[in-house]
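Accompanying notes for the structure given below.
Chain naming follows the written order as A, B, C and D, and within any one chain the residues start at number 1.
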Amino acid sequence: MTIQVIVLNGGSSSGKTGIARCLQAVLPEPWLVFGTDTLVGAIPASMQTSAAGIEFAADGQVLVGPRFRALEAAWIEGIAAMARAGARIIVDEVFLGGAASQQRWKAALDGLRVLWVGVHCDSAVAASREIARGDRIIGMAASQAAVVHQGVGYDLEVDTTRAEALDCARAIAAHC
Amino acid sequence: MTIQVIVLNGGSSSGKTGIARCLQAVLPEPWLVFGTDTLVGAIPASMQTSAAGIEFAADGQVLVGPRFRALEAAWIEGIAAMARAGARIIVDEVFLGGAASQQRWKAALDGLRVLWVGVHCDSAVAASREIARGDRIIGMAASQAAVVHQGVGYDLEVDTTRAEALDCARAIAAHC
Amino acid sequence: MTIQVIVLNGGSSSGKTGIARCLQAVLPEPWLVFGTDTLVGAIPASMQTSAAGIEFAADGQVLVGPRFRALEAAWIEGIAAMARAGARIIVDEVFLGGAASQQRWKAALDGLRVLWVGVHCDSAVAASREIARGDRIIGMAASQAAVVHQGVGYDLEVDTTRAEALDCARAIAAHC
Amino acid sequence: MTIQVIVLNGGSSSGKTGIARCLQAVLPEPWLVFGTDTLVGAIPASMQTSAAGIEFAADGQVLVGPRFRALEAAWIEGIAAMARAGARIIVDEVFLGGAASQQRWKAALDGLRVLWVGVHCDSAVAASREIARGDRIIGMAASQAAVVHQGVGYDLEVDTTRAEALDCARAIAAHC
C-alpha cells in the first residue's frame, strides 16, 4: 500500500512544519506541502481580522468565521483533487475543531490512501518554542496543544518534546 | 454572468501580485489568490535547484523539468476543483510556455467561467522594478516580458507601465 | 565632496526602500541600507505592541513611546559611528516628528557629509500602493504622506508618483 | 556589574536566534538584537554573490571577501557605539574566523561590560535542524559547528542539543 496523503495534525509550535520539510527530504518521491498557513496567506487581508473570516486574538485564540469555513471547504476539495491527479501531498494542519475537523478532511479524501499522524509536544515546551520563534502570538501553543487532538484518530503519533523533526520524519516515512 | 476564476498572466515584475491584492480589496466577495509562487513554495527544496524540478539560472532564465511539470498538472487540477467547489479564485501566473501554458489551464478549467487577463509592462520598466524589489534574480523580468504573452488569448489586457495596480484591478473588477 | 550618508525621508509606501535598493545597484561603491524597519525588527516583540514601545494602530497611526525613543537615540549614534568608521550608509527613514526628527539625525551625523533627500508621493497613489503591497496596515500611507515632510530641509527632492524608483535613484546618485 | 553587550557565538542552526528572542522575553529591560543576518541584509544584492563580498557556496561554505570585511569592521564599530550610547545589545554572531573574529569584536567593545556566550549544538543535530528549517543551504551547520569555537574564550557556554532555547536564555540571563 502506497500512501497518497500524509496529514500532520498538531497545535501551533508543535513542530509540524519542520517535520513536513524533513519528510520532503527523506522520502524518495517529490511531495508537496500545503497547510493552514497556505490558505490563510491566500485569503483577502481584510478577512484576516474579521469575525466572518479568521481572527488571531491577543491571547492566542484563533476564531474562525463562516466565510473562512466556506473557503476552507473548497480548499480541502482542491487538495483532494490534487492527490487524485497524482500529486503526493503532505497536509500541515491544525484541527481547531478536533474530531469535527478530521471528519471534514476524511470526507474529502475518501478513496485516497491517507496516513493520519498526530504531532504532539508538551504544552510548556511548545509555549517556550513559541517565544523562541519570535513571530507568533503568545498563547497559541498552549491553547491548542491538547484541544486539536480531542477525538482524533491516528495511524501514527510522534512527539517532538524530545525527538528531532528529522527523527519523527523518518518514523513517519517508514509507514509510506 | 459571474466570473469564477480570474487568470492573471504576465512576466516577472510586471505587477500581477499587486493587482491580485487590489482585486481582493475591491471585489465585494472574498477571493483566494494562488500562483506560481505558491506551488514553488510547496515543492521540496531539492527540486528548486535541479534539472528535473525548477531552476532559476543566474541570468534570469527559469528552466522547468518533467517532475515539476507533473506536479504542476495536479496543482492546476486542484485549483479547478476549488473553483468548482465554490471558491472564487485569482490565479497569479507566468505562462513560460505561452499558448501551450494557457491550453493546460483551459483544459483544466473547462466549464468554469474564466476571465483571462494579460498583464503587460514595458520590458525596461519591469527590469527597473526588478532591481527595486531587491530579492529577484536580475534578468527574469526582461527575459519573460514578451514570451509569456505569445499566442495567448485574453478577455482583457492591462498595462502597469503607467497605471497603478489599483486602477488595473478596478478595470478588471468591472468585468466580474 | 563625497557624500558619506544619504538620508531618504518619506511616508510609508512612498517608495523609499525601492529607491534605496536601486541606489545600491547604481552607485559604484558598496553602500549599506538601514532604516526604521531594521530597528523595529531588533526590538523585543513585546515592545512592538506597547505604549512604551511602538504601536501600529488599526487606523494606520504609529505611536512611539519613551522606551522606543531611548533605543532609537542609541541606534542613530551607532549609524553615525558606522559612517565615521568608513561605511557609506543609506538611511531609509520616516520622520514621524518632521523637523524634530531631522534635528535628532542632524545632531548625530554632525561632521559627516550628508545628502538629505525628500521622497514624495501623492497621498492617494501611496494609499493605493499600500493596498497592492498587501502586508501593510491600511491608513499608514495617507496619515504619513504630508506630516513627515513638515519643516524638513532637503538637498534634493524626488517624487515617485510618476517616476520609477530607478530613475529617482539615478537623480540622487548624480549628487553623490 | 551590569552587562551591556551579550555576544552569542555559534554555528548556523545551533539555535542562537531562538535564544536571542527568549533573552528579549526574559530580561526585564529592553535589549536590541543584531547579527550577521542584519549586516548581510544591509549590503548590496550584488555583493551577496561575489568573491569580494560574501558567497554562500552550494556545499554550505561561506566565503568572505575584502569588501565585506571592510563594511563589517564599520558595522562592529557602530554596534559598540550603540552600546556606549546606552542601548543593551545582544549580538547574534558566527565567528567564521574563530579567535580572530572574537579579537575584532573585543577590540571594538573595549571598555564595555560584555558577556561572551558559546552556543554549542551537536553537529548531526544542527544538520538535522537545518533540514527542518527548509530555507538554509545544506552543509552550513556541519561545516561551522566546530570551527566557530576554535580558540574562542567564553564566560558561559550553553548547548541546545537537548536544552530548549528558553532554558538556555534563563541560564544566560542569570549572568546579566
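By definition in this document, a contact is a pair of C-beta atoms (placed from the backbone, for glycine too) under 8 Å apart; a residue touches a chain by one contact, two chains touch by 3 or more.
Since we're looking at a predicted model, the values are computed, not measured.
Asks: Where the centre means the average of the CA atoms, what chain is farthest from subunit D?
Replies: Comparing chain centres, B lies farthest from subunit D.
Asks: Identify the chain pair with more contacting C-beta pairs: A-D or C-D.
Replies: C-D
Asks: Hey, how far is the Cα centre of subunit C from the one of subunit D, in Å?
Replies: Distance between chain centres: 27 Å.
Asks: Please tell me the distance, in whole Å, between the geometric centres of subunit A and subunit D computed from their C-alpha atoms.
Replies: Computed from C-alpha means, the inter-chain centre distance equals 32 Å.
Asks: Among all residues of subunit A, which ones touch two or more of the remaining chains?
Replies: Those would be 21, 25, 45, 134.
Asks: Looking at the complex, which residues from subunit C come into contact with subunit B?
Replies: Contacts found on subunit C: 15, 17-19, 21-22, 25, 125, 128-129, 131-134, 162, 164-167.
Asks: Using the touch definition up top, name the residues of subunit D that touch subunit C in the complex.
Replies: 21, 24-25, 30-34, 38-39, 41-47, 53, 67, 70-71, 73-75, 77-87
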